[in-house]
Amino acid sequence: MKRILVINPNSSAVVTAGLGTALAGFQGAQFDCIDIAQSPATIMTEEDVARAGLALAERIKADPEADAYVIACFSDPGLDMARSLTARPVIGIQEAGILTALARADRFGIIALGPKSIPRHMRKMRMMGVLDRLAGEMDLGGVSAEDAGTSDEVYARTLAVGRKLRDMGAGALVPGCAGFAPRRAQLESDLGIAVVDPVQAAAAIALGAVLG
Amino acid sequence: MKRILVINPNSSAVVTAGLGTALAGFQGAQFDCIDIAQSPATIMTEEDVARAGLALAERIKADPEADAYVIACFSDPGLDMARSLTARPVIGIQEAGILTALARADRFGIIALGPKSIPRHMRKMRMMGVLDRLAGEMDLGGVSAEDAGTSDEVYARTLAVGRKLRDMGAGALVPGCAGFAPRRAQLESDLGIAVVDPVQAAAAIALGAVLG
Amino acid sequence: MKRILVINPNSSAVVTAGLGTALAGFQGAQFDCIDIAQSPATIMTEEDVARAGLALAERIKADPEADAYVIACFSDPGLDMARSLTARPVIGIQEAGILTALARADRFGIIALGPKSIPRHMRKMRMMGVLDRLAGEMDLGGVSAEDAGTSDEVYARTLAVGRKLRDMGAGALVPGCAGFAPRRAQLESDLGIAVVDPVQAAAAIALGAVLG
Amino acid sequence: MKRILVINPNSSAVVTAGLGTALAGFQGAQFDCIDIAQSPATIMTEEDVARAGLALAERIKADPEADAYVIACFSDPGLDMARSLTARPVIGIQEAGILTALARADRFGIIALGPKSIPRHMRKMRMMGVLDRLAGEMDLGGVSAEDAGTSDEVYARTLAVGRKLRDMGAGALVPGCAGFAPRRAQLESDLGIAVVDPVQAAAAIALGAVLG
Amino acid sequence: MKRILVINPNSSAVVTAGLGTALAGFQGAQFDCIDIAQSPATIMTEEDVARAGLALAERIKADPEADAYVIACFSDPGLDMARSLTARPVIGIQEAGILTALARADRFGIIALGPKSIPRHMRKMRMMGVLDRLAGEMDLGGVSAEDAGTSDEVYARTLAVGRKLRDMGAGALVPGCAGFAPRRAQLESDLGIAVVDPVQAAAAIALGAVLG
Amino acid sequence: MKRILVINPNSSAVVTAGLGTALAGFQGAQFDCIDIAQSPATIMTEEDVARAGLALAERIKADPEADAYVIACFSDPGLDMARSLTARPVIGIQEAGILTALARADRFGIIALGPKSIPRHMRKMRMMGVLDRLAGEMDLGGVSAEDAGTSDEVYARTLAVGRKLRDMGAGALVPGCAGFAPRRAQLESDLGIAVVDPVQAAAAIALGAVLG
């Protein structure tokens, strides 16, 4: 059976456990979800992103026989570096989440955890060449990835932001974090438009790559 | 278990059987591959595309309880219409193939069956907003989807075109048809860059949608 | 004298009569305005658009000797299919209206009949590659093409929307329907910017093509 | 009867006479074709373009009652200035030629008189936001607008360049000068794709504006 | 020592003196700041821009031995013409201001003197191909370049507009005039983001060109 | 006197000395050129880029009082991270070189040291939003930054590549490395178009920022 290494580039075991939960229903390959002990508990600053990228590169070099790799942080740390180190598929969850949203609807929206990540997402989306399909990006005012998937209060904010993005023309939404899976179906049902969990999106693309 | 309806919008049972083969390794949902008896054996003209789209809409209306739908023709016939008829995921293989290629590499290339489909793909890719990431599109001179996946002579041409697209900067290639799966792994190995079968790409995205 | 076939792809004789009125002042060619009896009275859904496209293709095949064809529905149903069936000019009113607006001013605005057509227009405008010149699109809340050209109440709404689009930077406006000609000059006068009736725009381009 | 002032911004009476010939078949308005005595015989340099623009502005100020204005030089000299001087339609032939080509086919090509005008056209087309639809631009090696419409040797070169642009994907061609009308129909027939004379295109759009 | 000719294309000696003040700290080349006596005191209309361009071309022809030229008016009058007249560097302050802002931050904003210049800037920015990085452009309601750099009341408005543009995502701001240098550092300090004086930006680029 | 820290993110003292030579003529601020001892002698791989970025961030944190920072490696390693660590200007030479080329001519070209850096540049230029102005990028087949500025054989190749890019429409060229300054003037003279040394371009923009 093929093996997909899902790397949480921070050191939060809660987040890593959440990855396993998000992928519990996926079959056809073995998903190994790991974190990186020496990383900070959350990737917040540009420097965190850079350090996470290098730590992640080391993990790929240490496990070169995985059939595919998923970078399970919405900043896609080290994605290009990882691809230079292995010929096997490397999927970043930001890219996978956005591209999967584009496979579901004409225009998409991003729900960011906080305002500071929006400029980083904008640069990335411009690099991806997908800005013409962005309906909008709004943030939750600064919440953690864990709360995004578990807190009722945060969910209420998420729903409010989602309604605005839908009214701005988004036909699919991507929460900008690794921990939203527990709320995905509920938000999709409440809004009536597609909601794409970026971890599940990346796992599905990785699965398609190793099964193809 | 979730059920994904994979609709070959032409009437070729050979193509439909090929869809089943392409998806043989996929688990976690049931993939029902069907064709449309009243369609022509191949979708070639703009009028074929239009008629296929309407026939496909009828099939979706006749089976509204599938958990997701895949339109298994590289022209994505009837995609927007299908989405207007159901709130469930509808995935077109052209979109899925291209977007999955974008999740694998920075620039992509298309290998078209023949020259006449290139202008249609160009329009579609401009509508998708992904032209800035297109390294190039070249064609095989006019071959059938069946031959694309089975003929050695056509494979030799495919490899030659693939080398040119790789030299033009493509880091991932998408064959522009529904029948290439039998040759996907070989072409990927011969070229050293990602090759994305659009049917498998669409199936993986549909799978991620129903499992999420 | 050259003959231009102006096809209303719905079955409303009122709309067809309106086309004749809109083109009453045009000379130098004969404009034959027809409708399609088996079509619905209004083109509203994606399925309507698809069926209208096929019906329109049949009309072109049935009258292959017209010197040019105008598709007089703002969704441009069947435009690419029609072009694949004849080498003679085929002009869609959405494309003609927008492109003529671009010949009049740097940025343009669209006044849609209702909110549901905006996503369809966005896709089309992205496919046309003209989004960088769009000042904005707003809708009238859901009115018919007939009312757009005749109702005083609808005109008041049109004027209000037009003012907003002008303030957003539009130097030329395009009403998104086939029936606005009776109000065109008044709106242009009230707003002080160009207002382009898409039927007249398409007729003028078709006329230039057959006289050139 | 409405009156359209067609201004040749150079002093060549031959070119002006050619405008009249190009528009001989147009009805429904009076087309007055004039030139500007103090201009050079040909607009070649950037300075020529700037001086032509100012001379043209004076002509518009001297004849403010024309119902529309056409700037009949492919550099569209003074177009924005002219629009700031009158609320009436002002149509430039480069813009009109390109936009009309876009109403005829998905991708277009330009045939320039010489290599020096290509960078100017590129800037203009980027400003117009239409570069994504440009199949290519090639030049005739440096010929006059007069020769473009009359010389058999130049026509042979035009045809060769047109074939290359068609092979590059152009579905409509625009000769980049005011004098091509005498050869338009022949080139269209020889190539099997649309050929748009920019003077006729501008005249048709102006006609549509004054008749609407 | 290299000599850079800084041309104020209007006739205001106050503006010209302001250029000298803005560049007082620059070393390594001689900056000659001149105005054009026959120009109007302010460049406001499209016709002003056109006449300023031609007057500026004459000044360059009259002083062909300067090592570089700076066009010190935010409309960049005559820029392309100037480049056609000399092989030496010609820098326009609008282009230099915007491009320098792009070297400082991912997204930029423009503070225009008044609403009428915004459409002209939009056309120029589209021609420059930089619209995807524009956070927004807002205006001061119609003030002079002199007041922009000297009036406390205007500064208060500038600060308010700057805050809005920063909130819209601008990481660097460009005041759209030649006279803002006296307030540049203060606005940068008050807002906490980069503020680029376009005259200083052009001078720095010209300096780099002649020292390289 | 203001101080600008120019950081060569590799450990080559030859490259660092070259930076000093390139900036020898610049006045008005003190340029301190340093390298990073623990870095490799050349930045070649994606991993080199990532490590260089972090080392560079440490240098900025260790010297927070410089008035501006220049990252003197054409990959702009750590640029966004550096900007998150200081409010003072941080200029990357790739961005500065390209943006300065855009201030000199409408379209630009890049001369890369080798083929492997082209995909990285393409991603960066797409992120910068400047691809519509790229005439082309070609490489020298794999040479070192030192040889780019000193070897006669490499210069001959550079000239040949420069001619091709000029023929493709480039009006300004940017060599893609930190060591080209010794040959800049010669290449500009041989080609007759602007050649921008990216180190000098970045220094000029930094100088403008600290003097403004």
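The chains carry the letters A, B, C, D, E and F, assigned in the order they are written, with residues numbered from 1 in each.
Everything that follows uses one rule, which is that a contact is a pair of C-beta atoms (placed from the backbone, for glycine too) under 8 Å apart; a residue touches a chain by one contact, two chains touch by 3 or more.
Just so you know, these numbers come straight off a predicted model, no measurement behind them.
Peer 1: Give me the chains shared as neighbours by subunit D and subunit E.
Peer 2: Under the touch definition, subunit D and subunit E have C, F as mutual neighbours.
Peer 1: Which chain's centre, taken as the mean of its Cα atoms, is farthest from the centre of subunit D?
Peer 2: A
Peer 1: How big is the rotation relating subunit A to subunit D when the fit is done on Cα atoms? Please round to the nearest 5 degrees.
Peer 2: The superposition gives an angle of 180 degrees.
Peer 1: Between D-E, A-C or A-B, which repeats the contact pattern of A-E in over half of its pairs?
Peer 2: Matching pair: A-C.
Peer 1: Tell me whether subunit D and subunit F, two copies of the same sequence, contact each other through the same residue numbers or different ones, using over half shared as the line for same.
Peer 2: On the two sides of the subunit F and subunit D interface, the residue numbers are mostly different, under half being shared.
Peer 1: Please compute the C-alpha centroid of subunit E, do the same for subunit F, then give the distance between them in whole Å.
Peer 2: Whole-Å distance between the two chain centres: 25.
Peer 1: Distance from the CA centroid of subunit B to that of subunit D, rounded to the nearest Å?
Peer 2: 42
Peer 1: Return the distance between the CA-based centres of subunit A and subunit F, expressed in whole Å.
Peer 2: Subunit A and subunit F have C-alpha centres separated by 33 Å.
Peer 1: Touching at least two other chains at once: which residues of subunit D meet that condition?
Peer 2: 83, 123, 126, 129, 131-133
Peer 1: If two chains touch, include that pair; go through all of them.
Peer 2: So the chains that touch one another pair up as A-B, A-C, A-E, A-F, B-C, B-D, B-F, C-D, C-E, D-E, D-F, E-F.
Peer 1: Could you please specify the touching residues of subunit B with respect to subunit A in the complex?
Peer 2: Interface residues on subunit B, with respect to subunit A: 22, 25-28, 83, 87, 89, 91-92, 95-96, 99-100, 102-105, 128-133, 181, 184-185, 192, 194, 196-197, 200-205, 207-209, 211-212.
Peer 1: Which stretch or stretches of subunit B touch subunit D in the complex?
Peer 2: Residues of subunit B touching subunit D: 118-119, 122-123, 126, 131.
Peer 1: Residue numbers of subunit E touching subunit D in their complex, please.
Peer 2: 45-47, 49-51, 53-54, 57, 78, 80-81, 83-85, 120, 123-124, 126-127, 129
Peer 1: Spell out the residues on subunit F that touch subunit D in their complex, using ranges where they run on.
Peer 2: Residues 106-107, 132-133, 169, 171 of subunit F touch subunit D in their complex.
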